[in-house]
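First chain written, first letter: the chains are A, B, C, D, E, F, G and H, and each begins at residue 1.
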């Protein structure tokens, strides 16, 4: 019955060029369903430039501006202001950018657009590495994860990109996961109603990049949430709120051990038990901070 | 007697090209005193490229790499890694960048260097506009301030750059003011002892840019602190601490009204009383959040 | 002088070709188990699960289904089996 | 073939010339009031206040002092007056 | 028509005001800054109804006008030197996407070392990118050319971005009389952008999709053809402007006394004025000299150049840009043109005026003397301490 | 010496390993990525003792190697296409600061539209910037040239950055036998960087200070002289390498049967192999044809080209890069060279092979046929649907 | 006039799908040729690389250094690693007269009207599955195909392939070699 | 051979310091020339612009359109807005024979050995202070100097300057005009 509660129309057309089991395709499908036809996508260099399919065809049935890697939020700024000046009334301008295109090379443009407050829905689809070029470490690659440029595990920590955007004091920041499409649709729709730059960060399991069987995309996404590695929340005008299954996970006993999430993925195969414990500790600390935050608020 | 407690040697040589009363020159003078001769400065395009004086002379008596506007943190990354590999042991690599070079065009490089954690002291000297090019709005220009590109006042809010850097989870973030040189020296020295990227944000009154008499630089810097517009604090491994005179200002009654700070500056001359009230409210809200934070911690 | 041809790509099904041939395994629905819950539709990244007009059947478009197997893993009623494609 | 001349600039006093000529007003110390507290030294952005060898006198290097007036404003003992330079 | 005293940069801003763009987006850099300051002032005063985007870098400046132009807006941006280099990727993007963007480029030397003075190295980096590049030599020409640039860019058989360049300080910050069009005159010359948006909700399409080796080259060829079309469009619009307002510049090149000249100097930009004075002096002495100022760097006016040279005995070419390990960008093209048409005259290739180094009337007199003496090959001009 | 089967990109990585840089900093982009992946692997396996900086963009990649090189480190980076354009400002910086940086550039078409295949438009954007540009045509040459690049860059009379370019996929991802130097051989050929750091705590100095119009031009002239010096350095090092290891490429140009050739094609890059095959075919038919593959794009080898042309009846020049509103970068330089030396032969200017479009043996045969027939002027080659 | 006029070059096209190891096979073939004192080149054509998506690679093998780098248009040998691709590529028509077509197939493949070519086939999937060479659900059929190629044509010896395998592959080397050998043994000529 | 050979161009150099309004003065002069039907150009030389730092600007005025843009090397007129700059610039030696030197000075300036020039001076500081034209502590001496220039030389009439002032200046217009007039009145010839 799930299909009854979701918009029917498909804007991500079948026969696109994503790998089998691509989490990005799945999230984009629901994002576009939530927003409908009057949506312009701005897509920087990324897997999604390829998923589009080669000229003269496109698998996206909304208008798309493909753009250089660092440029998406700036291009979107121009589109929004131009459409506004040209008298268009109802439309969504959506940046659909990877983790590299958001947290690394694209952060300047994003930060600038956020400061100026253009009416943009900026979605970072975070498959935690540069996938289009073949799995290199990005600023959002998790600590210790294997990539081709970190053959023995990433020595850096994953940037807290939503946190950075919260520090930009934009009106809406949220996280989403392909395992929870209803959460996606409701957050995207909420974002569409708010004026200013909205930042939404999607967790995107990627079978070839994370080295798992393509059938496990949703399962892994779900485990990320249930183990507390990926936290579903939103910040509305600075007010923090856990959403969906994450709401219950402040209590550590409700969270699955992180090992369940890690062990399905080849990129974590080299981890020792100590490593897993270290990662578990980091997750727990993160939640402890959230707990304090929420308590503080209640107090 | 003040001079007895500060290092004697001057590394910012007299006869430099800063405007009379330049706050940037004053802070840089103390930064270099605090760090000493084994310090490399990396300076992106900014007033400080000019303060240096024209080739073949330099008013900085430490090694300097002048670098392109967007590039300072990346260039510093390369210097640190190279010196390390070449076997150098004790040195400071300091980025000395303006607000534009930090929060706008330079944020990508800064964010990347922060994520990788190179051993850099990154100092943003924030005169709240692009001064070298003649007072244009930057991402750190205050709300409603006049600049040549915002002739009727800046419609955007000043980015919370230290907050953004705290979100990067670097080991040390601090703010400084030319009115409090002892605070400068102690924070810079603390930063020099910590491994990783340290971010220090200096408030820099600028006589031509802010439109005030050059004799008032220190007075205005002090008023910024005492009115609570500029808050002196540090974050050490995520722990927040007010420093110097700001410690006492959680109590609103101890703070000077913001009008005292604003009225000395031509860039705020066009503000109505309502505007001033609005700005006062924003300051008070900021402090209220700090109060809650600190209380939360104490609780 | 000729006008500009601006290189605009247009939406079509199968922009990357008949992606069905990418498939290694084929999802096969066991209609006896299927409750039409729609979960497979919900989670298919390739938009190839259709719930047929009369709402009686889950139909997979094998011309484009890449055989990722998500539907099979996610079906709460175990109604989708992955069957190895013949290597012809 | 000649070696490279790498264009390295070297530190010197007066990189921007004798900046004393920029001055509109000149800070003049009233030694009768001065307590040698060092505040003027601390706040001078041009590094031109010196506390003389014998520690008895605050000396301003007029060759380079730009006359900003900070020392005058900040001196806690009102010991520095700004005097308009003659326009020659 | 109204005569005002304007700097080159203010003249650009007035032209932009007359063109009524929807979106202006730029990032400050000396010596371009006063262009955008003036535009900001027009907008804040309500004299120009445009959105100003105060971007965080030049890469974003160009990206944002690309976005705006792609949905049908008329746009403007301006930059210099490091700014142009920083937005370089996006400049190629603008041309590849066939967007009729107009950009002002105030030429300035490239760092390091830092220098804010004129030097054409920056604008010349655009010459392969698909941008049309026009170079103006006075505040008046900046005004006229900026207006014409919109017409050229938006011609349906062109649809390419146009850069209008002018020299730092000697034009950008130099005040001189400029004739400004009245609103009616401007409206008559420059109509609203015709073309409908590339990106349309009713008939959605994508701009920029991946091309396999079987489709890419044809798209580049289309740009090449558009560039060829621009040759006559630039001439025609110069003519039309001349008829309407009484000022024309000769289209692709501005010839000064070239008709019967034995010796000609080719150059670009503001130094053309000083060169003309030198020409006058020599003409008074009976020496037949002329100046050919290249206005259109892209498309490059081979035909016009061959024409000018067909009667000459020897020429000099002044490249006001860094020339390393080869010949200067102008010299090489002019020599190629001569080779193609079998004109076997000596060419003196002069590199000079870099980083704001003055090139004066005396310099041009001296260069003419060398040309007359038959000097050829490449020389650096005006070096302290000599070559 | 050890023979392995390597792709062009892996060959570059092996050469870097042999050169023992202190700092490697790069950003991924297809088709360069496997270069840095392989280097990362060497480092993580302990086979190369270098710091790898996994930067957040190409602008930062170049900035970080600039920083490292300025304090005396040997460095490496690599990129392609958009990446090169994105770091463009810093490329000019590297040259202006006279830093002996070595960079691999895997040539790829520039977007939009996206294309990941070979096209020389990207590397050619560096040709005014002060970089030495060498172009390799096989995995072996990528290896040899990358090693030689360090020697050239670090020569005291040069001290300029060197880019080594090679074609996407047909070289970068094509596996072929490559001879790799032993550690001892490499050590003998390539010593540690001599020059002391520019930035020194004992004798502090600043790099890049503002220059007034009275000092800038001389610094540019110094680069020009260094570039001229590089002409013989490139030749000498090619000779030395040849003597030591038995492989040489002719220095600035690689001539194939040019000695007595009536008709010659000039080109750059991997298509040179196919062109040689066409030459063989025609030679067997008694037609005197030859190929001149330009290896050094900067400094540009005018002398060698004139030499090669002095006996030719007609030539063709293949520009594998976008040519808009003018002549191709190679064609224009070759024509200029011919003009300067008064060689009045027909030149067929061919633009083709863009965005990975194949240029096959048949194509070269056809081009030769046109040259022999006396065809001249500019043509686009291999367009679907014709010109 | 075709490239064939450059004497002594053997051209091979590989048709497969992402994940089957086509590029690796082409690379091993170059090593094998080198071990026999020959020259070789392996040229992958990269589109959007996706698991399951069509992939093509070329080899050139010769006793002399190889100059040509253009794509192979008329191969001497076509190796159809995945027969499902026949609709997309056209191995039948491209192969030269007297050339070879080698299929991964359980049964005798249909060759349509094409005469004048040597056709053979091997059940590479079975071999891969038997030996346990499967990655992410895809049988690694490249090794048996290499074996078959070596056995059916004269490009290189099977032994050379066996020696070349460890130069490129670092895990399950024995199994891969076994797969090569079985491919060589089990290939059937039409 | 000097630019002077281009007939009919008057060249003026202004020597001042940042904040004194030198560039504005040069700009007003072009307006004034234009109002008289002449052509003009104002060329500021920008270094690091700093309050108090030396600043230079050039004018060219002619009855014909002006082509030359190079810097002025031998002006017909030098206006020394700030005499403290004499050590840095050399107004005495650059001015052409029979040219003009105009000083901002309380007293008769020292002209050293230079003959053949017309020297005059005006106490512009006093005028600016009297009228209250001071910004950030710096007296705006540009207006009196313009007035003096117009009075002493034939470049433009004082009236034209008066008319030109409001084209460039939008605040304290009356005061500025008053300062021009007083400059014209109070200038003294040597």
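Details
As a convention for this text, a residue touches a chain if its C-beta (ideal position, glycine included) is under 8 Å from a C-beta of that chain, and two chains touch if they have at least 3 such contacts.
Computed from a predicted structure; not experimentally measured.
Among the remaining chains, those touching chain E as well as chain H are B. Distance from the centre of chain C peaks at H, each centre being the average of the chain's Cα atoms.
One inter-chain figure worth recording: chain E and chain G are separated by 55 Å, centre to centre, where each centre is the mean of the chain's CA atoms. Centre-to-centre, using mean CA coordinates, chain D is 47 Å away from chain E. Averaging Cα coordinates per chain places chain B and chain H 41 Å apart.
For chain E, residues touching at least two other chains, in rising order: 30, 54, 56-57, 59, 82, 86, 89, 93, 111-114, 116, 204-212, 215, 219, 358.
Chain D has residues 7-11, 16-17, 19, 22-23, 66-67 in contact with two or more other chains. Of all residues in chain H, those that touch two or more other chains are 48, 50-53, 137. Working note: touching chain pairs come out as A-B, A-C, A-E, A-F, A-G, B-D, B-E, B-F, B-H, C-E, C-G, D-F, D-H, E-F, E-H, F-G.
Chain B makes touch with chain D in their complex at residues 1-4, 6, 10, 12-23, 25-26, 29, 52-61, 178, 181, 207, 213-219. Chain contact summary for the complex, chain H toward chain B: residues 48, 50-53, 136-137. Contact residues on chain B toward chain A in their complex (touch as defined above): 70, 103-105, 107-108, 111-112, 115-117, 139, 156-157, 159-160, 163-164, 166-169, 292, 296, 299. Across the complex, chain E meets chain B through its residues 27-30, 33-34, 36-37, 40-41, 44-45, 52, 54, 56-57, 82, 86, 111-114.
Within the complex formed with chain E, the chain C residues making contact are 1-11.
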